[in-house]
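Pasting a structure here, questions to come.
We call the chains A, B, C and D, going by the order they appear; numbering starts again at 1 in every chain.
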Amino acid sequence: MVNNLNTKVTLSGLTLDNPVIPASGTFGFGYEFAELYDINILGSFSFKGTTREPRFGNDLPRIAECTSGLINSVGLQNPGIDKVISEELPKMRQVFHKPVIANISGFSVDEYAYSCEKIDKEDQVGIIEVNVSCPNVHHGGMSFGTSPEAAAEVTRAVKAVTTKPVYIKLSPNVADIASIAKACEDAGADGISLINTLMGMRINLKTQKPVIANKMGGFSGSAIFPVAVRMVYQVYEAVNIPVIGMGGVSSAEDVIEMMLAGATAVQVGAANLIDPFACKNIIEDLPTVMQKYGITDLKEIIGGAHK
Amino acid sequence: MVNNLNTKVTLSGLTLDNPVIPASGTFGFGYEFAELYDINILGSFSFKGTTREPRFGNDLPRIAECTSGLINSVGLQNPGIDKVISEELPKMRQVFHKPVIANISGFSVDEYAYSCEKIDKEDQVGIIEVNVSCPNVHHGGMSFGTSPEAAAEVTRAVKAVTTKPVYIKLSPNVADIASIAKACEDAGADGISLINTLMGMRINLKTQKPVIANKMGGFSGSAIFPVAVRMVYQVYEAVNIPVIGMGGVSSAEDVIEMMLAGATAVQVGAANLIDPFACKNIIEDLPTVMQKYGITDLKEIIGGAHK
Amino acid sequence: MKQSWFTIEENKPLTSSVYRMVLSGDTSAITASGQFVNIKLDGFFLRRPISVCDYNDSTLTILYKVVGKGTEKMATLLPADKLDILTGLGNGYDTAKSGNTPVLIGGGVGVPPMFRLAKNLVAEGKSPIVVLGFQTAAEVFYKEEFEALGVDVHIATADGSVGVKGFVTDVVKSLSAYTYFYTCGPEPMLRALSDCTTTSGQLSFEERMGCGFGACMGCSCKTKYGNKRICKDGPVLEKEEIIW
Amino acid sequence: MKQSWFTIEENKPLTSSVYRMVLSGDTSAITASGQFVNIKLDGFFLRRPISVCDYNDSTLTILYKVVGKGTEKMATLLPADKLDILTGLGNGYDTAKSGNTPVLIGGGVGVPPMFRLAKNLVAEGKSPIVVLGFQTAAEVFYKEEFEALGVDVHIATADGSVGVKGFVTDVVKSLSAYTYFYTCGPEPMLRALSDCTTTSGQLSFEERMGCGFGACMGCSCKTKYGNKRICKDGPVLEKEEIIW
């Protein structure tokens, strides 16, 4: 009877077998996980945030444990767009045969445009996900994602040089997420991904210093789920483009809750780190949970909580 | 040997036996808890958010469970400033004999000033804590706490009509908490309390509707601790007035972590709801935990993580 | 109210989804039938409120239905496991108003508090009539236990597989005379009973709770006698004060 | 790498703060000494990385020191309790480079991985020399177990209460000859060893980890041979590649 269930969803013309997508930075370029299971069962995956230049990232320690979550300050460690294209994508292609989501970061508008233009030419890229949570080095270091204007500027610059759907990935560290999403939509974004990590900090009582070398970092994991659901709900009301929801998702129930809030697809981040089979388990549980709640076609519940 | 430990801290001239303070909205006017233990062991407590008019608050359900936290949308249910003064405070005085923190809310600048002026005359009030997380009905409903100007305006209006120390309690649903705290300090605030709840939402999979009648609500509990520590740290760097830290505190270790981040005193909210003895346990554990980490005088660790 | 640790003595299914749990511990804070306890479960932030079904000096009996993750977890607990429980919560039923032949109506998981109430009324020398409503025969529980108290027990099932086919209201309407009513169950049932009963009575409500002991205002509702917290001023309200 | 459930067979203190836990389960992913496992504990988000001390087809032995909430929790676990563990993590020590008489140096909780390494070297017909460093006599563990392998065991204690008074480096400097070195312990010790050893060697590092299997870049460090993840490309690094 599970046969009649439809888990397919469509993001800007791209149909995914299911809405489950490992989130950028928690799934590398896929091949670590491909040793564990056939990752082609995934809807897609968002690869490690890539920048124009290679980056080592921040000093160690980069990880702090929290109640129901963790803080990371990896600092966008990646080999740079050229090596991603020449070395990582070929390795990825060996193990993943579906369109992938290219996660691109930058520290200036030009840098975003440069990397996106390059990645746009890669056949396997289905969607370009532009992470605007990075500090804008030309404007006092406030993140692009905290101002509607800056987020829109990045969107326009990227759209001007690309042909593929562009999703802007928003930071939750803002007062009015809807206005930022709307600004991106108006600037031509094809979709919105949210949320990135909340800014957080832990202090080591023994050393009396922040646990993370960089002091603050990005807080994610199940703890942030209610904030993520709320923001997905608000953005769904504000825009007419698809939303990819994420933040604390760790079960098939969470996927459904995100979709009811308004997500067309759902990313899973921190959960992959503590359970490498998290996405596989979620995908396998989905049919049972759909049946439990009387859902036969997943795409029909998108935004269901707004009715 | 526990005898040599000093847990006293001072907030704007008011010396507390210890830094542990139940947070507004989770301790009523104290007498429910006074049935359980002698609440005079507390540093102080912040009473239920009080408004000019009596308020029933929001529709039911008002509570949703989250991983390591809860969402509440009580909606500032309170009998109004006059009845708080005529009925609640006399009852409170029977069971609590130390200076108390008066938590005041409002929906316009006038309303804040009105209530604060009245409560300022009450002998037992040691500090007035002004909750600026409420929507500003005169300005499209955005919370006073999301703009430095609006928060400063409330601060000035309250300071003009009061004689007691005024602490502004900030909302965490902002991009730049430091600038808001600074604006309050510049407007004359004597201290800053933070954080109030994060905006969150849960959806009931059975009904496909938000769990909370009001859709969104305030998310708090251990899950939000890393966000709170980060904001206390940022505000401590931005201002020269004392900070009362809160958000997810549930143990003596958490109290110390908040103080290292920069808090002079620490409030405990959601933890009281699931463990009515939470504050008592924290106070009793403090000496042991201080010894474990080699702390003899609590006030000396305030802001210790900034060194 | 008291916070203390209880030890599970028994945790067994009565039907496919309703379990009885017997716990030993300090029950001294429990003062009336219709009160509830609030149970902390590992891995869940909020406690779970469950009515007192019965108690004596050192044991507490609760009946619970598995409806979500928390009650699912409860069903996996084993004898000797320990639980942190707040006891003595809520006002409970007032038996002083019952008259000689009150009718006690429990629907589904509203049945448990009726048990101790019936026991108390019998002990007071009264002759309660008990009406229990379920969906179907397989879901019936505690019929024998009520009968063992020597009270008159009527069962209503929606599908008629046992007892009267229909609702508890059908049974109540058919009763020739009763002096008062007490009830607990789903809100639509409470409302229907409020409408069809010919006497005054007490109704027990459920609400999502933050604290369960009056501190958070998470469960406040409006009544004709002012705002009431279901957890502290309730869960039992008088028919006359309820605003539907 | 494998994820599977292990059952605790034994969990006993060796000193006031160091415990040995023996677990039964699927150890097939473990391929070398110096690898580690990553343990999920109820109530904690991140797993806890612990070195493999020893293993056979169906059992795994770990030694851990109680230093925080997670290891405190581990110390309370009982035989028959089950743990979700990722096994076969990290590169482990390469015994091919050892020569005939390598010296193995373990400091504190760096001692455990030396045990399986010594066992493997002995099985390969080599004659490892073992140097174990502790603060004081009361903290010494596994001395007899190493001796039972038939290897030469030297102990150094900071206070001289047993063995040589001083550090493991003092012992190493006094050794007449060794062909290679392997070590695990606190970073200052590793650095001192890197400086005072006269041969090449392999050093095992600790770092705070997000995943433990190479996915998150939470543990990356720079080496002369490029960026390496302590969890996947380590925890064992060659003396020559380390940037101190």
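Here is the rule we use: a contact is a pair of C-beta atoms (placed from the backbone, for glycine too) under 8 Å apart; a residue touches a chain by one contact, two chains touch by 3 or more.
Everything quoted here is computed from the prediction, not taken from an experiment.
Enquirer: From subunit B, count the fewest steps through touching chains until subunit D is reached.
Expert: 2
Enquirer: Going by C-alpha centroids, which chain is farthest from subunit D? Tell me that one.
Expert: Computed centres place C farthest from subunit D.
Enquirer: How many angstrom lie between the centres of subunit C and subunit D, each centre taken as the mean Cα position?
Expert: 57
Enquirer: With chain centres taken as the means of their Cα atoms, state the distance from subunit A to subunit D in Å.
Expert: 36
Enquirer: Where the centres are mean C-alpha positions, what is the separation of subunit A from subunit C, in Å?
Expert: From the centre of subunit A to the centre of subunit C is 46 Å.
Enquirer: By the touch rule stated above, which residues of subunit B touch at least two different other chains?
Expert: Within subunit B, the residues that touch at least two other chains are 64, 66-69, 222.
Enquirer: Quick check on subunit D: which residues sit in contact with 2+ other chains?
Expert: none
Enquirer: Classify the chain contact graph as line, ring, star, complete or other.
Expert: Contact map by chain: ring.
Enquirer: For this structure, enumerate the chain pairs that meet the touch criterion.
Expert: A-B, A-D, B-C, C-D
Enquirer: Once bound in the complex, which stretches of subunit C touch subunit D?
Expert: 42-43
Enquirer: Could you please specify the touching residues of subunit A with respect to subunit D in the complex?
Expert: For this pair, the touching residues of subunit A are 25-28, 32-33, 35-36, 48, 56-57, 60-70, 72, 74, 77, 211, 221-222, 270, 272-277.
Enquirer: Using the touch definition from the top, list the residues of subunit D that touch subunit A in their complex.
Expert: 1, 3, 40, 44-47, 86, 207-211, 213-222, 227, 232
Enquirer: Considering only the defined contacts, which subunit A positions touch subunit B in the complex?
Expert: Within the complex, subunit A contacts subunit B at residues 64, 66-69, 71, 142, 146, 173-176, 198-203, 205-206, 208-210, 215-216, 219, 222-227, 229-230, 233, 248, 253, 256-257, 260-261, 293, 301, 304-305, 307.
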